[in-house]
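Please go over the structures that come below.
Presented sequentially are two complexes of chain A, the first with chain B as partner and the second with chain C.
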Partner chain A sequence: MIASMIRQMWNERKANVLILLELLVVFSCLLYAADYLYVKYKEYKQPLGFDISHVYKVWLGVVPETSADYDTTAVHTTNGMDDFFTIVDRLEKDSRVETVGYTSGNHFHYMYFNRFATFHGKGLKRYGYVRDVDPSYFRVFKVKTADGQSWEKLEKTLENNGIVVTSSVAKAYYGSPVEGRGKDIWITNQGDADSIVYHIGEVCEPQRYQEFSSYDYAYYRNLGGRDELKKYGIEILSGNINLFVRMKPSADKPELMQQFRKDMEQQLRLGNIYLSDVTPMSYYREEVLRSALDNIRLYVVGVCFLLFNVLLGVVGTFWFRARQRIPEIGLRMAVGASRSVIFIQLIGEGLMLLAVVTLPALLIYANLAQLDVLTATSMDLSMVDRLVYSFLMAFLTLAMMIVAGIVFPAKQAARLNPTEALKDE
Partner chain B sequence: MPSINSYIKQSWRLLRQNRLAALLSILGTALAICMIMVFVILFIANTAAFKPESHRADTYYVTYVKTEGKADGRRIAMTGLGLPFIKECFYPLQSAEAVTAVVRDIWQKQILLSMDGRNTVTASILETDTAFWHVYNFDFVAGNPFSKATFESGLHEAVISEKMARSIFGTEQVVGKELKINFQVYRVCGVVKDVSRFADKAWADVWIPYTAGTHLFYNMEGIGGSFECYMLLKKGHNREDLQQELLKRIDNFNAGLSDVRANILHQPFSHLEKWMGGENSEVSVGKVFLRFGVIAFIILLVPALNISGIILAWTRKRIPEFALRQAYGATRQRIMSQVLLENLLVTLIGGLLGFILSYLALACMGDWLMITSLGQEQLSLQMVNGWVFIAVFILCLLLNLLSAVFPAWKATRQQISEALNS
Partner chain C sequence: MITINLYFKQAWQLMKQNRFFSAVYIIGTGLAISMVMVLAVVYYIRTANIAPEIHRDRMCYLDFVIYKYNEGNGSYSSSLGIRYVKDVVLTLKKPEAIAITTSPIYQYFQGGEMFASVAGNDDEAKISYMGCNDVFWKVYEFHFLYGKPFTESDFESGLKTVVLCRSMARKLFGKEDVIGQTVMLNEVEYRVCGVVEDVSGTLEHTYSQAWMPYTSMSNVITESVDERENTVGKLQANILLRDKHDITAVQAELEEAVKRYNTTLVGGQVTDPKIKPATLTIMGVSSSKAYLAIILFLLLFLLVPALNISGLNASHIQDRLEEIGIRKAFGAPRGTLFMQIFVENLILMFPGSLAGLLFSYGLVDLYKNILLANSYQQFITEDADVITLSAGMLMNWQVFLYAVTVCLLLNLLSSMVPVWNAIRENIVSALNK
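Coming up: the complex of A and B.
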């Protein structure tokens, strides 16, 4: 049967040129797109190293001194940060809130507020970030240790004035994440000319900024206790302190959050501090991921376009062909071929076309890989996996389209009454 | 000699005889044109000039600066621009018609309050200078931009959008009235028409003088800050002039600093570069266009191959007809142009359908397809002008040529006697 399919294809080689060319172009494009989608999927699926579900950013505003609403009573102007900590405590006490935490201006997941740091030692230099946070940060974002334990240990480490480095740092310098525990490391913070030695108290899981970026080299150190922060004026609240709350899952519903916001607007109006907004972390996530997701959507649209064209092409080609071959089909049926044999024969002919272009398409794809135009990724993905997965995806979707395109003409042909078909002759 | 009219009549008849073939080729064409149109419309919306960004082609942007150690070149900070840096290097530029500095906090909206505190709304605020109103071309519904005097003395005046005026005051005629922005009282000096989110540089809800704002901190000897700088090129100068002059001024500025130096890397960027490369990569425009070209070519090629196959099957049936006409003296060119013309009808119908489809696609799937580009704003028709129609027509011709030349050529290559025999 396969031999007869090949013979048939050879006989129609001239008519097949165009559809073969189309399949070749589409196959190559699909391989490229499938690889892109595979890489993006893999990137997306990697753990982030933090958890933003039910977490909100609390935006506090400070009434400026020039405003008529500015509260000049002595207690508020001299001890503004007391008001901030009262706010933290009030949030903490609210029955809807699970926990509260804050970071300095240089750390905010998804938003690229950074302070750079360079790690040194063992002849290695790694560029990364310094993140000044309150120990409560780990609790709010549920950051785990490198060996998968919950945040308590990380929180303790900062409280004891050790630093926490991400697994990426520990792995680069000590071979494995857990080996980093208890070691000393030299770090230059952005802006400083000299490096300082820090004691690594604990290593946290690998972290990255967002779903499509690579793992960062970063370390966390204590922002300073309450007494330390009280030295500053409340001006540092605008831009230099980020306040977050993790809501209880039961309280994290849109209508309940609206009520929460309203309640807080009253409760958190303290001295010259006011609540300006409560924004879910998912908002920042969406903002940052937008362009990446847009790109993925464009690829999906492109793939659908190509597949739909293949469908049209196959329907067109096989419709005419099945008609031209009505006498032949009639004859076959007359000598005993069943309907399903005719049906399978036609589908087989279509898939044979795909088989013919597979090798050249793979060659084109291999060339693209050589030229380095395939999707670049910072992730460690095996090239073999990428090739196998993208090939399977491209081949199977194309095969599906071809079968779908032939089913209709083939059904028509197989439904023929042999006597009528032969009458045409 | 048959007129074009008769060709059209004949191809119409052919279409009706071969319904499936006609349907397939029209669908194929429509889809291809629709795909390309969506890209073209988005490209135009993102790059072509429209109010208030009327001078996009001549506007250049510097949005960040790298502060380096003077002695060792180490990276100290990557930030927005500081005011002293701007005053020293950007404002005096001779090759620029106008230079404006802005502060935009994209992450945090501010609270707008009516004086009685009853109406409140969150708004995006842009802090800027008087040159801003020269670089961008706003439609004022009432009032004027804040004046130079206002700006210099840091008076609290604000230009607000129609939408803001309506939500705070309930009307657009609000010049001279007061409102609170972050608890500070501002006087409204002008109301402008709402700005499309596509105009992402000029866009905001409220514009105030940066001298009245709170963003005046600077650091690193004045290099770093929270400003961005937009420059409108002066007539008779080109980009090179601007870049050279800017670099020279920055060198002078750096010479006066003690420990650090400013580096603007590959900036200033043109609007096109900024759109293509995002915020901080140096993408070559040529490469991006090459990529666009390849994509457009594939989008056209695949359906063209399809339609070609269909026309081929269809003209094969008519070979005796062509041969007969050749026997009666029709030249090869005439027959080829007949096939091409006949096919053009199909392509044009498909093109028109695709054109309509592309608008439908943007209207229905805009949210899903390209949220970044469309923002919360729907596409407005005024951004799409006659050029788009011309583009569609040219694309149709291209698709037609791509798909019909080969079958037309094949149809006339047949030997007359042979063809008549069959």
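Coming up: the complex of A and C.
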């Protein structure tokens, strides 16, 4: 049967040239696009190193001294930061809140507020970030240690004035994440002239900014205890402190959050601090991911366009072909071919076309891979996996389109009445 | 005329006779045209003269200056400084006019946010702004609904006066005719001297919601004692050439002027001044790379459907071999036959093309934030709605011309080979069918 299909294809080689050419071009493009989508999917699926579900950013406003609303008789005689900590405590006491934490202005997931740092040692130099956070940060964002334990150890490390580095740092300097524990490391922080030795107390899981970015080199150090922070005025709240709450899952519903916001607006008006907004972290995530996802959507549109073209091309060619071959099909049926044999024969002819272009398309694709024009990624993905998956994806979707395109004309042909068909002869 | 009429009739009959073929054909062409037209429309919007940027074909830009310290290897580069503008840019004689503006990136990365408020309205509105000189209003053609632009003397004296866009005037005051009213911009009182039609965010050199003399913005014009700060700053020059080929002459004149300017500097030198022609940016990819991407896209999105339709034509023409044979037997010349089938296909293509063109408008609108945003706007997520499309951007003779060209090209690509093959076929074998 296969031999007859090949013969058939050879006999119609002239008519097949165009559809073969089209399949070849589309196949090569599909391979590229499938690889892109595979890489993006893999990037998306890698763990982030933090968890933002049920986490909200609490925006506090500070009444400026120049404003008419400025309260000069603010309750706290000592310092405005006391008001801030009262707010933190009040949030923590609320039955709907699971936990509260805060970071400095230079650490906020999905928002590119950064202070850079350079790691040194062993002849290696790595550029990354310094993140000043309160130990509670790990609790709110459920950051795990490198060996998968929960946040308590990380919190304790910061409380004991050690630093926490991400697995990427430990891996670069000590070979494996757990090896980094207890070691010393030289770091230069942005704005400082000299580097300082820090003691690594614990290593946390690898972290990155967002779903499509690579793992960062970063370290966490304690922002300073409450007494330390009270040395600053409340101006520090506008932009230099980020306050987050993790809600209990049962309380994290839109209607309940509405109520929470309303309650907090009253409870958190303290001295010259007021609550300006409570924004879910998912909002920032969407903002950051929008352009990446838009790009993926463009690829999908392009792929759909090409596939639809293949469908049209196949439908068109095979419809005419089936019609022109009515006498032949009639004859086959007259000599005993069943309807399903005719149907399978036509589908087989279509797939044979795909089989013919597979090798050249793979050659083109291999050349592209050689030229390094395939999608670049910082993720550690095996090239073999990429090739295999993108090939399977492209081949199967194309095969599906071809079958879908032939089903209709083939059905029509198989439904023929042999006597009708042979009338022409 | 009569023959064309005949072709029409025949094509219509064919379309009716062979509904399946026609449907596939129309959808196929529609798809091809829509994809290519998305590119064509984007290309048009990014490069054509669209008000207020009515001289894009004669514009070039100077928005970058490198200040190299004499000591050490350090250098400092950014937009143009206030003294550099005065002593170098404005001394150029070759260009027709030079508009100076704060660089569009400036307000996002250096200038900070601006909030506008009006007495009696508690809401503060975040506003995008641009400082410019009076020539700006001559280089660009804004549609003034009320009032006038600020004048040269207003500019020279650093008068606190502002031109607002229509939507911002409405948002702040609740009405559009607000000439003479005052608005607080970051707590500084400005008087409104004009209201203009909104500008789409895709016109990066003019887009803003408020335009004021940059001489009224204290953080822009404050001359510091440091010559580096006066050389490298926050401004850019949008230069209108007398003729678009003048750019090399202006470049030479600029280099002369910089040489003169360098003699007045003590701590460093300005190096490599470079005037940039208008560049095409699509999806954050600019200039030559963008052209390459367009060509690749065109090839792919025109070639694949062309192959497709070509295959359809080849099959279809098999059905008509008898007809062609008979006509040839009666002496029809090849040219006539070719022309007839070509026109028939073209007519068949028409409904698909029209649908494709409309579909492409939909696609451009859907993806305008990726297709039409400038490279820096892509960083600024909160301004997602600044890119607006007007009817004139989508429907104009250039775009229609592109569409017709694409159609012809597609048709030529797709019907040439099969038709030619059919016509060359032997009369006898054709009649034998």
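Going forward, the second predicted complex is superposed on the first by the 420 of 425 C-alpha atoms of A that agree within 3 Å, B and C clash if a C-alpha of one lies under 4 Å from a C-alpha of the other, contacts with A are read in each partner's own complex, and residues count from 1 in each chain.
One rule holds in what follows: contacts are C-beta pairs under 8 Å (C-beta built on N, C-alpha and C of every residue); 3 or more make two chains touch, one makes a residue touch a chain.
Note that this is a predicted model, so its numbers are computed, not measured.
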item: Joint occupancy of chain A by chain B and chain C, clash or fit; value: clash
item: Partner chain in contact with A:Phe116 - chain B first, chain C second, else both or neither; value: first
item: First (chain B), second (chain C), both or neither touched by A:Val288; value: second
item: First (chain B), second (chain C), both or neither touched by A:Asp277; value: first
item: Chain B versus chain C as contact partner of A:Gln190, first or second or both or neither; value: first
item: Touching partner for A:Val63 - first (chain B), second (chain C), both, neither; value: first
item: Partner with the higher number of touched chain A residues, chain C or chain B; value: B
item: Partner chain(s) touched by A:Gly316 [first = chain B, second = chain C, both, neither]; value: both
item: Residues of chain A contacting chain B in one complex and chain C in the other; value: 15, 18-19, 21-22, 25-26, 29, 290-291, 294, 297-298, 301, 305-306, 308-309, 312-313, 315-317, 319-320
item: In the complex, chain C residues that touch chain A; value: 20-21, 24-25, 27-28, 31-32, 35, 300-301, 303-305, 307-308, 310-312, 314-316, 318-319, 363, 367, 369-370, 378, 381-382, 384, 417
item: Of chain A, residues touching chain B in the complex; value: 15, 18-19, 21-22, 25-26, 29, 59, 61, 63-64, 66-70, 111, 114, 116, 190-191, 193, 238, 274, 276-277, 284, 290-291, 293-294, 297-298, 301-302, 305-306, 308-309, 312-313, 315-317, 319-320
item: Touching residues on chain A, where the partner in the complex is chain C; value: 15, 18-19, 21-22, 25-26, 29, 287-288, 290-291, 294-295, 297-298, 301, 305-306, 308-310, 312-313, 315-317, 319-321, 324
item: Complex contacts: residues of chain B adjacent to chain A; value: 20-21, 24, 27-28, 31-32, 35, 69, 72, 74-78, 107-111, 122, 182-185, 214, 278, 295, 298-299, 301-303, 305-306, 308-310, 312-313, 368-373
